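The structure follows.
By letter and in written order, the chains are A, B, C and D; residue numbering begins at 1 in each of them.
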């Protein structure tokens, strides 16, 4: 499917989703509540079959915290980007997709470690690189007077 | 019967593959001329590094102790990790104009990642890489170097 | 009777926990594997990483695009060229800069050389992991020649920093073509030796074939890329699917197997060495004339937006995801490093095999630890 | 005190003095007779034991250090390297310098280790080595003890070294060491069998277990040629299983560097580590000596049947040189094994023994017995 068909496909799943056609990928803005069911459908639908998650990145948008999922289908060879964001900075919670794509397991641990986004239903959500004495360094409001020196 | 033949064949092929491997290693054992390692500190004299080898950043000076650095600070801006610090001063030129010039060009070898951005972006080609590779010192302080030699001046014709 | 059952039950729970690493001869760096053993059989593996986490993604947020390149060298230090290239390609794509063919061809040759030396080192260390120490020295001996080529042209052996947005740092050295051709000639003679010592060896075959099989479904689900995935039959070569640089002009085969065990992961890399040599041979005599770099603005600012660039490194697909807010510094940089993703499958593969097989499986996935930790 | 033996030396030196090289009993018998005549038989035995002990101690150190050097040089040449080259010409004093360093190194006490067993383990390995060395015929007349069951004795003694290895692994309170020791136990117990059976094949041919007689029986040709096919098979099996017996690559599961860091001697340091290290090389020397003695004629020069002229020429080379040459040839082969092959897995190691070596060995013994009965050997 090309980008236009993907847009129609997403619309056929859920009318309310915001779909943008970017420079490279079709981007879908998903509220965290709908994320898991949409991902499940994208993975299992015969026409879509997004079986390969090739990237998962957490982003601090300043006010919101978000996660960007890059999906590809090894069968149909098309790609899509899912974006979700939550404005709760204190206790951000997003559904874990580790049950759909195994690779999300490590990626989500990394995002939790560096951005502090909690993934509900994650099988093993622990910090990955850093220990608990650190904050969440990839957040824009992270302060480290010793290690980050700005002139 | 067939299984016994298979069994023997398996053994024979296995032993053969091992012998082939041994032939290669034994071959090298009897050909010491192919040894590639060197007696390093003994051959220091004939060790020639490639001309582009990024040993350390230096500032070439000519015979009359002149360099090309104008003290513009572009290398400092381009350095990704604060290896270079340009301390400039204002001097008065012969025709009475005030001009920026280099006072000290500090280079911290211990921090340098040899990305070559300073050498590459220098507008007057004042910096270069030397081929020196033996950087080990006993004191960390001696890794901080001043690139412009004391008493050196800007080369004529370099703006 | 009941008592006996109880004893067996407690025995099964008794796990022998061995800490492999962070300093261990065969973890190739500071990877720590907490291995639960039952006898010699591996029950569970918990990888602990982060011993050389340097926060490259955070650092990237405060430096400019040309400066990012020297950090990518230090992620997967065996695929430094490809890592560099990912940043350059992304910047060039975002700014819509047209790159002359000469640059593209040189980048391709350099990438393939770097893949070649990475696979040579893989061969060397894989042999050593399995106990064949001599392989290590033969592998390094031949790799040294490629490093010399790198050093002559780029000034660095592993940390090359040769690409820059808009082209290359320097033009190729006048000796470059001759040296590469000499190397290919030399290595074509030496490669059969590799096969005699390791590939054909009956002990090696016994040690690797059937060990740690990875099915196609699992490879897709775990997001495995690179030779490890191609050994399972997943066609995931970015050079074929999304050709960048001069890969659309050369003929080479994507090495695919269907078995997916340790032996075929090894063979995939072994065959890729031959494919890389073919690719280089096609290009080395046909480097077009032209400039070695396009003039770029002194301060590179990407237009606001999100960019994604994939390149095929020696270990798999490196994804570079950049969010730009229009400044000279990126807003967010994410490296999807192949090693990090490949690590996830280790527990799945090694469960139920012996402790010696764990070493073989981990070796066949060809980890570079700095790339995991970033 | 009588000093007659000096007169016999003088007469020997005025005559063809190099006779000693061909028969060491010319050197030792006068001393023995002189001692017998001067002191009581008890003291004679004591003095001789001390002298032999000191000689073996020196021999042990020299052979051990030389083998370490030789291995480093051999592996360096195989791997296209120079190897040790700094201390002395071609680095021949490198191992002595290493030994001096190890002597001065601190012996690190291990927390929660069983200190008695931990300290005793290296000595067990060393003592076993000495016991085996005593029974080997080095040259004509150079033989410390000539048992009538010599080969049986060596087999019995050398299998004791596993006790030292197991103790080391158990007592050092390290998981790597324990795994290494357990592997080593399983390995040595199984390969003991192969070694025994391979040697029995030759014992059937020779009809004796006394090492001096075995060597003497090879005066008309080495057993590997006399017993042709079954002897060659036995020789190959012996070399393979002895490599496994001494825990060397490709069978170095017990120390498996890439898996267990250093196996059973992970926690040892200083001179105790050196003991293990030296013992490994002396073990190699012992198994190579046995192979040389049993299959390649020990110190016996290369003889072809009744070809007098040829045999005379070969006899000019002193027996000790023959012995050293053969032993080092086998040591070289064992080294080549280690530096060529990848390591086996523990279950493959046992498969090799029980599925391949043992059946072949048993068939081989049958063939050899048949051969001896029919007289179809040379």
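Following the convention adopted for this analysis, contacts are C-beta pairs under 8 Å (C-beta built on N, C-alpha and C of every residue); 3 or more make two chains touch, one makes a residue touch a chain.
Bear in mind that the values here come from a model prediction, so they are computed numbers and not experimental data.
Two chain pairs are in question, C-D and B-D; the one with more C-beta pairs in contact is C-D.
Look at the CA centroids: the one farthest from the centroid of chain D belongs to A. If you average the Cα atoms of chain A and of chain D, the two centres end up 65 Å apart.
Taking each chain's centre as the mean of its C-alpha atoms, chain C lies 46 Å from chain D. Inter-chain centre distance (chain B to chain D, centres taken as mean C-alpha positions): 51 Å.
Chain C has its Cα centroid 25 Å from the Cα centroid of chain A. Counting partner chains per residue, chain C shows two or more touched chains at residues 134, 141, 197-198, 201, 203. Along chain B, residues 18, 21, 24-25, 36 each make contact with two or more other chains.
The residues of chain A never reach two or more other chains; the list is empty.
Pairwise chain contacts in this structure: A-C, B-C, B-D, C-D.
For chain A in complex with chain C, the touching residues are 22-25, 27, 51-55, 57, 59-60, 68, 70, 74, 77, 101-103, 105-107, 110, 114, 128-130, 137-138, 150. For chain C in complex with chain B, the touching residues are 63, 66-67, 69-71, 73-74, 134, 141, 144, 148, 151-156, 159, 161, 164, 169-170, 173, 193, 196-198, 200-203, 298.
Across the complex, chain A is touched by residues 49-50, 53, 55, 57-58, 62, 218, 220-223, 225, 234-236, 241, 305-308, 310, 317, 319, 321, 323, 332, 334, 336, 340-341, 343-345, 348, 373 of chain C.
Every residue of chain C that touches chain D in the complex is listed here, in rising order: 16-18, 24-26, 40, 127-135, 137-138, 141, 197-198, 201, 203-204, 206-207, 354-357, 359. Residues of chain D touching chain C in their complex: 75, 78-81, 175-176, 179, 249-250, 252-253, 256-259, 261, 339-348.
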